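Read through the structure below, which is laid out as structure tokens, and then see the notes.
Naming follows writing order (A, B, C and D), and every chain is counted from residue 1.
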Amino acid sequence: MTRRAPRRAARVVCATVLVLAWFAGGAPSARAQERFVIVPDSTAAATPAPPPPAPASFAPPTGLLVHDVPNDGGRALELTWSPSVDDVPGHGRVTGYYIERAPSPGGPWSAVDSTLARSSQYVDGSVLRDVDYYYRVSAFGDGEVAPARSITGPVRATSQWFNATRASVLAFMLLFFTFVLYFTASAQAGRKPFVRRIAGVDAIEEAIGRATEMGRPVLFVPGISDIDELQTVAGLVILENVAKVTARYETPIRVPVTYPIPFTIAEEMVRSGYLNAGRADQYDPDSVRFISPEQFAYVAAVTGMMLRDKPAAHIFMGSFFAESLLLAETGFSTGAIQVAGTANVHQLPFFVVACDYTLIGEELFAASAYLSGEPRLVGGLKGADLIKVVIIIVVVVGSALETFGLHGLTQWLATQ
Amino acid sequence: MTLHPSHDPGIWVGAALTLCIFSFLYRDNPFYKFAEHLFVGVSAGYLIILSYWTVIDSNLVQPLGLAFHGTGTKTANAGMWAASQGDYRGWLLVPAVFGVLLFTRLLPKIGWMSRLALALIIGVYAGIKTTGFAQGDFVAQVQASLQPLWKAGDPAFGINAIVFTVGLITSLLFFFFSREHKGALGVASRVGIGFLMVGFGAGYGYTVMSRISLLIGRLQFLLENWLGLR
Amino acid sequence: MKREVPLFITGAIGLFMILSFFVPHHWVSVPADFLQACAVIVVAFGYVLGGANVLRVNLEGISRRERGWGYKIVLVVSLLGTVAIGIADGLRHNGSFPVEGTPSKWIYDNLYATMSGTMFALLAFFIASAAFRAFRIRTFDAGLLAVAALIVMLGRVPVGDVATSWLPEWLRLGTLQQWIMDVPQNASKRAILIGAALGVMATGLRVILGIERSYLGGED
Amino acid sequence: MWLATWLSNLDRRWLFLVMGVLVLEPLLFPLSLPLRVTPPVHGFAAAIDSVPAGSTVLMSCDYDPASIPELVPMTRTAFRHLLSRRCKIVITCLWSGGPGLVDSVTSEVAREFPDRRYGVDWVNLGYKSGNEAVMVLMGQGIRNVFPRDFRGNAVATLPIMRSVRDYTSFPLLVNISAGYPGTKEWVQQVQARFHLPMVAGVTAVSAPEFYPYLQSHQLRGMLGGMAGAAEYEVARGEKGTASKGMDAQSLGHLFVALCIVVGNVVSFLQRRRS
């Protein structure tokens, strides 16, 4: 054995030398990072030099109006003027306009900004709130300046208490919230508002039943987004109910999670599922596993789980992105029954074709409301139904009005 | 068609890892597991460092440092608590405390205190998302759906507008949960699911393009950057 | 105390943010900006906590000699290595990261970027196998989906137009695909957008009013 | 009939092999089929052309290395288009995986314009966590959210930032995005409120979802996936990686379409037999 060892060692040594030579050959091009050096002020074109006094051969702009920009926190004034009569596209002698500001009519004038030729509007956002300002606009072109004939002011930027253009959003929002709160209150008062049974809910229970028969675990994936994604909250609510059922049937459950916050919530969900089923002792802390926020590392781990633990039912409820295809296809190949639900529209096609049942868009939120039986959630569902009726009426009425050329409703709905 | 393999060791490491991950296509194997765990480690470490330097350091530690010296980005007002829009100075201690509270989750006894930080995040995002969706995805979309159903002299526009409006209304009715889908509502919901399925088909077609372009990207990396094929 | 205070904070901040959408007055917009600046910072702490969690979970996995603990060592070493190099680079370049030419950028370009790009590239293969094995037209709806998918898929690439160039303009795959995208697909996607917006608004309302307490978890 | 049984239990790795070969072949021997430029791409290019020369444009690149093949060609062509119109560009990146990549791509293109200097003609403000919160905060002052740029310079000292306060300073927002946070959040939180004209370059998978924004003119133009990037390159008369990839796309799509059809025929025959 020893006689061959030195020859193998020699081969190893020259291999490493070869490799090092190879890499040394083309020294890696560590492009020196263009370190930004503070540019001396002179080249900055932002604040123009003070206008030379030479009288110009073209007319100054006229009709300067300044008013407070509405619907803001008193941070801007809007200037509008009619361009100089000589500012004609072909003429080209006027290249721009100087905008100057002063605290009092005679006061020290400071240049605010300059705008291009043929412009007639400027928003000065560098004003202080509730302070009087005076403005003048003069035209400039190839060394000459036409000083403004008139000064406009005093004008003050003030804070408004309500953004008028968002009235339609406020109206629809209040209407919708009223519906939601009304139905929530009526549901809490015991009047069971009718909600049609969603086929997806039967599919989930059927899937868990099948896993129990085959004595295989259930795999539940609450989506891959963090808790600030409301689909994840809906997915976790569904998890709580699934955990109740699996606890009752004593079927093991696997819940791989991506982010730390949903991980701890999922843990508490599964524990409370076993608590409610009276089997708190059988809660296996390892059933909820924190994998990684990195999308594809997570998917590789979950598909690994699918192939190793061979769960008989896969339930995907929450926010999914590109990895939905990998999960659905690998799941399909293991022959497991798959039920999915997401509001991410671009992932629905894959779930629709590869899963046995798919909750489409809103049905995910509806299922979390229906499954948890919470009157509060059912209230949200019924509120959404009612507002949809209102929307359909608005669309029908609005389209009819538009057909006859009346644009009142459309303009009211436009927001800023 | 000549080969000029790259001299950059980084490209070789990248190519090796690319092949390690592609080996998953054959079957799950140690090379893939190594690359997968390396990827999880590097991406978790990268996220920690990036979050610290680009956010915690530049938006919290440095402004707080200035604040303790009584200065800030707005040189006009002096003093540690002289906050103004965008220059919050001493008040940045609030997010600092909440941020540290988040770490109590690792300790069982006082783990509940992390809920305070959670409450801040969820409160802010619930508010922003509700108003954002209300304006951009609700009112703006309803407003854009109000279109004339007939224009003299342009039959194609009329047909498209009618098909669009029927599709919108029936798709909305599919997501109606207060009545069983029978009778007129049943028919509308059937038509609605038809429109939805055409929408999903279009989504499927576009997704195929997305996925194939990713493979094209990797093969271009292997061919041009690594093997230097020209 | 452990549940009421967080719920109160969520409710107060959530309502205040909705108020700041409607009231541009500076007494409301300045505190609202401050809250958002806090959220930006606390979310960053959340990511650091996430990384620490990954470290904790894998260190436990190694100490318990779980299956595949060898790979977990690779994970822990690469995580700590990336963090250590990141700290060094950040200090040397006064807080900018990853800077061109530094080891962190090398790790970013050759490890992180390469692997995350390749992970996605696997999908192209799975699309083909999923199309063949998992794309089952079992119902009329799935049939509609398949027809629309085929038209859009072939209409969106040059080969579709070239193959149907002998047909009149309005029958070509490219034009059909454009019509499907502009009218039927648009209508159904808009209905889904509105539906999802209602879902988000309802859930947001429940979270703010403390009706939705799931993020607090079960027991006290 | 034996063909149906052989096909049905065909090992999926053969399909992988065929897909790999089909995508590889055009990269070696290009077919260069003609490409038609669709209206959303014309809208994208026209929106950039309508920006007054010399004004400052906001370009938010919200993606990470996983979307390089679709979004990097768009970033290159759009950045080159803006520089060629003598515009100044402020770049932000709201995806944690993106800043390093975006900085390399934009610096590479900027080198084609030797007279343009970093900090005067374009700046990369780098990454900030917080998704929508960052977008809303930028509405009150971009300098407050990004005290330091990606290369560590204090943003207040950069000449380009002197004329930039918030969204009202920009005549156009060019958003290249791959998901959340991305085009939807920019439309909701920024376009609707500041009436900032906006165009978006998105991955093909998320393009269908944004057609309603095109129809409601919230978006003035859109590039959808590699096809959109290739059309934009054709519209700009450039030969980039996207155009080169379109032949491989054609063959890939044909193969997937074939898989769907054959897959269903096989399963239909099997169902009829059993």
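Everything that follows uses one rule, which is that a contact is a pair of C-beta atoms (placed from the backbone, for glycine too) under 8 Å apart; a residue touches a chain by one contact, two chains touch by 3 or more.
Since we're looking at a predicted model, the values are computed, not measured.
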Comparison of B-C and A-D by number of C-beta pairs in contact, larger one: B-C
Between chain C and chain B, distance of the C-alpha-averaged centres to the nearest whole Å: 4
CA centroid of chain C to CA centroid of chain D, Å: 16
Distance from chain D to chain B - Cα centre to Cα centre, in angstrom: 14
Per-residue multi-chain contacts in chain B, two or more chains: 10, 24-25, 36, 39-40, 43-44, 46-47, 50-51, 54-55, 58-59, 62, 85-86, 105, 118, 121-122, 124-125, 128-131, 133-135, 137-138, 140-145, 165, 168, 172, 174-175, 196-197, 199-204, 206-212, 214-215, 217-218
Residues of chain D touching at least two other chains: 12, 16, 19-20, 23, 66-69, 96-97, 99, 107, 126, 128-131, 133, 136, 140, 144-145, 148, 151, 192-193, 204-205, 208-209, 212, 215, 227, 249, 252-253, 256
Contacts with two or more other chains, residues of chain C listed in rising order: 21, 26, 29-30, 33, 36-37, 39-40, 43-44, 46-47, 49-50, 53-54, 95-96, 98-100, 108-109, 112-114, 116-117, 119-120, 122-127, 129, 131, 133, 135-136, 142, 145-146, 149-150, 153, 156-157, 181-182, 185-186, 189-190, 192-196, 198, 200-201, 204-205, 207, 215
Chain-level touch network, classified as line, ring, star, complete or other: complete
Residues of chain C defined as touching chain D within the complex: 29, 33, 36-37, 39-40, 43-44, 47, 93-96, 98-100, 105, 108-109, 112-114, 116-117, 119-120, 124-125, 127-129, 131-133, 135-137, 146, 149-150, 153-154, 156-162, 174, 178, 181-182, 185-186, 189-190, 193
Complex contacts: residues of chain C adjacent to chain A: 21-27, 29-30, 43, 46-47, 49-50, 53-54, 57, 99-101, 116, 119-120, 122-123, 126-127, 129-130, 133-136, 142, 145, 149, 189, 192-196, 198-207, 211-212, 214-215, 217-219
Contact footprint of chain C on chain D as seen in their complex: 10, 12, 15-16, 18-20, 23, 33-36, 38-39, 64-69, 96-97, 99-101, 103-104, 107, 126, 128-131, 133-134, 136-137, 140, 144-145, 148-152, 204, 208-209, 211-212, 215, 227, 246-247, 249-257, 259-264, 267
Chain A - residues contacting chain B, complex: 22-23, 25-29, 166, 168-169, 172-173, 193-196, 198, 227-228, 230, 260-261, 264, 292-294, 296-297, 300-301, 304, 307, 322, 325, 345-346, 348-350, 352-353, 360-363, 366, 370, 381-382, 384-386, 388, 391-392, 394-396, 398-403, 405, 409-410, 413-415
In the complex, chain B residues that touch chain C: 10-11, 13-14, 17-18, 21-22, 24-25, 33-60, 62, 83-86, 88, 91-92, 94-96, 98-100, 102-103, 105-106, 112, 115-131, 133-135, 137-138, 141-142, 144-145, 160, 163-168, 171-172, 174-175, 192-209, 211-212, 214-215, 217-218, 221
